[in-house]
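The same chain A turns up in both complexes below, where it pairs with chain B and then with chain C.
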Partner chain A sequence: MRGGWFKVYALAYLVFLYAPIVLLPMFAFNDATVIAFPLNGFTTKWFSEMWVAPGLWPALKNSLIIAVSSAVIATALGIFAARASTRYKFPGKAGIMGLIMLPLVLPEIIVAVSLLVVLLGIGMPLSIFTVILGHVLMTTPFTIAILTSAFQSLDRSLEEAAYDLGETPISAFRLVILPLVMPGIISSLLISFTISLDEFIIAFFLGGTQVTLPVYIFSQFRFPQSVPVIMALGTILVALSILLLSIAEYFRRRGIAKSGGKDTGGFL
Partner chain B sequence: MIPKPAVSDQTMIEFKDVHKWYGDYHALRGITATIRAGEFFSLLGPSGCGKTTLLRTIAGFEGISEGVVLIDGKDVADVPANKRPTNMVFQSYAIFPHLTVAQNVGFGLRKQRLAKADLDARVAEALEMVGLKGYGARAAHALSGGQRQRVALARALILKPKVLLLDEPLSALDKKMREQMQVELIKLQRQVGITFILVTHDQEEALVMSDRIAVMFEGEIAQLSDAETLYRRPNSRRVADFIGTMNFLPAEVISETAGSIEVEAQGFGRIHVDPKQAASEAPGKSASIGFRPETLTILHEGQQATDREVGATIEEVVYYGDMTYYDVKIDGTEKPVRLSMRNVFGRPVLDIGMRTRIAWSPGALVLFR
Partner chain C sequence: MKRSARGAGTEASSGLLLVSPPAIYALVLLAAPLATIILYSFFTDGYLEVIREFTFANYRETWVNPLYRTVMLRSLLVSVLVTLATVLLAFPVAYFVSFHVDPSRKSLWLFLITIPFWTSYLIRVFLWKVILGYNGVVNSGLLSLGIIDEPLTFLLYNTNSVVITLAHAYAPFAILPIFVALEKIDRSLLEAGQDLGETRFATFCRVTLPLAMPGVVASVLIVFIPTIGDYVTPQLVGGPEGRMVANLIQLQYLRLDNYPLGSAIAVSAMGIVAVISLIFLFLTRRYLKGPK
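Take a look at the complex of A and B:
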């Protein structure tokens, strides 16, 4: 009977996890302003209304700028950290790596408030730039985790073979290491982009007058008539996130398969 | 068959009192040796004795803590790996998985900026040399173990290094493939005339392939000599134990003159041993007489010994197809020794418990003291 209970548990778990997400497209295509059952017939008008909603496009633009910048910066930092942690031994390595990974488990609200206090303290005006700073802090642990897995699956002697054949450390990195960890880099870019794109708390606290997409969505919930539009927007974002994460995982796995290593990590 | 070229007297690599410390661990403890140009040289020893470390000091992947390494007469202390006239075949082969076979083999030529036609010709030539003609366009990560190894060889040899370093290149192959590659490597070395330095922990492999062998224990070279000397006249019990099988019987040195050492050996009685057949042993240990399983002969009924003979009892018979091993207790000794006989006439007739006679001569005995 134990197996039976386990099945019930697994089912309940999946329902709680995914039911809300399934509701999103349901109401996005529902022909009614009120979010309630029974459904009222199929429409795509919320999607066309979304297209002309005021404030949506500036928010999207801000979000894209922030997501692209923090993905690039966090991935660059992740490459350095992953390379250092897999290739070199240095005193206090475990402690330093632990500190870098800490934002992964810190409550985001604490991080956001502390950052706000610091920024206000040093008199830096709140802007897109400060959100990028916050997002880099949040996403770097993810990029390090992904890239460490990519660097670890590299056979150390590949690099030595490149030196042995006359390459300098820099050209060996470019010709051998970079191509082999490239799938990891792409995966890291996509995941940090996705995380930044739908991050709310930091964007809300550190954005000042600059509104990102999640902040915009939150603000729109005050107006009941715009809720179906948000559902439409939400549907698109969910679809996009799933797509990006799938591509990211595809690249991570391909990278490991290509360099002949074993799968030791990753998020999906 | 390519005739074996005479190894020159020219020195290619020289170690002068080389030490290597990893933190507190003394990995190389005063290595002094020379490797000649054109030689097939092996570093042989048990796991962890420092063979790979020593090889990597030649390649330039490992700095040394003390001492000097000379390659072709030049101190290489300040020469980085990418500037040394050596190339390496890695234990894992280290084939670049994102490149084709041809790109792998031509990798080291990138710096020379050859015209495409020249590059292709050089790569094709190198591939042909290792028996991979026509494999250039294959993806490297889809090759078998034996093919990877050939690619690794071609990739290293295409640069015409002064020294080729091989770190247990055959250990990942199955037995058949390994034996085939041993022969191919020997032929290849004769063909290109480059100094080969092979790391192995397989004594048979070292004996088969090498002009000279350095046996290492715990960061030191215990004996450096050609295969036959190593086998016939190991300079210590430890080397003797590591290379093949050696039987030991207790002995006592009675007297010693310049030309001969008089020994009282258990089972053999009083004999004279040539000082050339005497190996040094760590002081404190008692002396012993050693001999290889095939150097003593079990006599047939009625057969006469050419030199001397002694009675013995068969204690164990182990049949190996081409050979049979006999554990026999020689009269007057306490523990059995292992002898081997070729099975020329099919299955041996001797059985456990039978009495027999064994022919021996003092020349087959090595004195350890």
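Take a look at the complex of A and C:
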């Protein structure tokens, strides 16, 4: 066996990583209000209760509006930044890119409170829109990370061939570059959608009276009787994110294969 | 003709033009707000509005009041412990994936490692409460095995539980940079080390580890910096003894409506993190230079 003890360790590590996710469906289907062992028999009633839970549907609707808008805007901004940083040299590049990528390491609470102060300062009411503003800020660095690897693996000569054949920079971008980086764009849309759907702090601070799904979930943790329903909801959300991420990974790899690059693995 | 028109000057301007939408967005919605809270941290809190009078009182309160100082120090301690635990536990995994996994399966391993990171953070943290709680998985497991007679109470609602939960949450963040650094190592260097009579362990210490340091440094920073500002984990599993600086900031902003003090706490936390990160970068600078 290759790796020996390392492999045993890595597998144990995966078990540690997945422990909470494995427990989730166990409690979602467990016939007891208390979230504890031993389990008490199988039921699907938490899923049907979820269907009629007050407040859940409006929260889901808000979350979907926010996640779709953030994904589209962040990916659009990411295309600009990734294209600029992989194709052009310009003064202040490191500083500008550093600022754009900063939310990747900055604690979210700092982003949230600083935006809150400014938005309230200019008198903008808190709403879905203000959450979108924050989520775009948070997700753009992730889209840039994905799109940069897509743009980096592009062969520059393809673009030059297009110019020689009389295309303008814009038509060359649309006809040659865009199709080649399309898998990267799809992957970036899916990842930013997933991040936005899951984001709590910014939605909590900037949402005002508009509740998103994570804010709804957080508020339900205070009521022990509604926790099993949240476990059911969580099971569906985890399944959905795994599905979306698998599709994103598929497109990311296809994109790299398409433009002839080498797969360095991972989203970051 | 078109080609020659795109010289160095136009390259810079088209680059700047292209980067301007995201750059302006970040300037307006990130740089300006950050500058604003720095400004606010020097203002005075009034009854209904912030009084624009310059003062150091908020910083004095943040640094002298034992309540705030304790929370700040605890946040720092938690961040350091989480960073240590995450990076030490992650290194062998990154090493395994880079050196022992078949190249065609590396993506799959990385994908498996990153998935938990993207899935419902809130629910994952809540489940740690279930795992570590009084009737939790750990306690009921140890009880049924007869290792303990009554449930352990030191597992939940304190600094331990915050450290465990955060170490779990940031695990993938630590693995990826180390993995990338290990992937860049020229394998012939390792063979050279062994050909020159070094043992495998000596080769690891003298060749692999120094070359992997840029990745280790990156993962230390990428875990350490956001961890100090985590709100959800201390709120859900920390209990009163496990509160961290983000809970304090939230309290000042959303409950007590004291924006200047909240800003001073936030700016202080950022400042401490920045200073520690810079010291850390300075101490590890000799590993970060490129090949000579």
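The rule is simple: the second predicted complex is superposed on the first by the 249 of 268 C-alpha atoms of A that agree within 3 Å, B and C clash if a C-alpha of one lies under 4 Å from a C-alpha of the other, contacts with A are read in each partner's own complex, and residues count from 1 in each chain.
We adopt the following convention: contacts are C-beta pairs under 8 Å (C-beta built on N, C-alpha and C of every residue); 3 or more make two chains touch, one makes a residue touch a chain.
Because the structure is a prediction, the values reported are computed rather than measured.
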Touching partner for A:183 - first (chain B), second (chain C), both, neither: neither
Touching partner for A:207 - first (chain B), second (chain C), both, neither: neither
Chain touching more of chain A, residue-wise (chain B, chain C): C
Chain B versus chain C as contact partner of A:157, first or second or both or neither: first
First (chain B), second (chain C), both or neither touched by A:21: second
Touched partner set for A:238, first chain B, second chain C, both or neither: second
Which of chain B and chain C A:230 touches, first, second, both or neither: second
Chain A residues contacted in one complex by chain B, in the other by chain C: 163
Chain B-facing residues of chain A, complex: 155, 157-158, 160-168, 175-176, 179-180, 258-260
Residues on chain B engaged by chain A in the complex (per definition of touch): 59-61, 80-83, 86-88, 90-92, 94, 96-98, 107-108, 110-111, 141, 155-156, 159
Partner chain A, residues of chain C touching it in the complex: 2-3, 11-16, 18-23, 25-27, 29-34, 36-37, 40, 89, 92-93, 95-97, 99-102, 106-107, 109-116, 118-124, 126-128, 130-131, 133, 135-137, 140-141, 168, 171-172, 176-177, 179-180, 183, 221-222, 225-226, 228-232, 236, 246, 249-250, 253-254, 259, 262-263, 266, 269-270
Chain A residues touching chain C - in the complex, by the definition given at the top: 2-3, 6-7, 9-10, 13-14, 16-21, 23-24, 27, 34-38, 76-78, 80-81, 83-85, 87-91, 93, 96-97, 99-100, 102-111, 113-118, 121, 133-134, 136-137, 140, 144, 163, 191, 194-195, 198, 200-201, 205, 214, 217-218, 221, 227, 230-231, 234, 237-238, 241-242, 245-246, 249, 253, 263-268
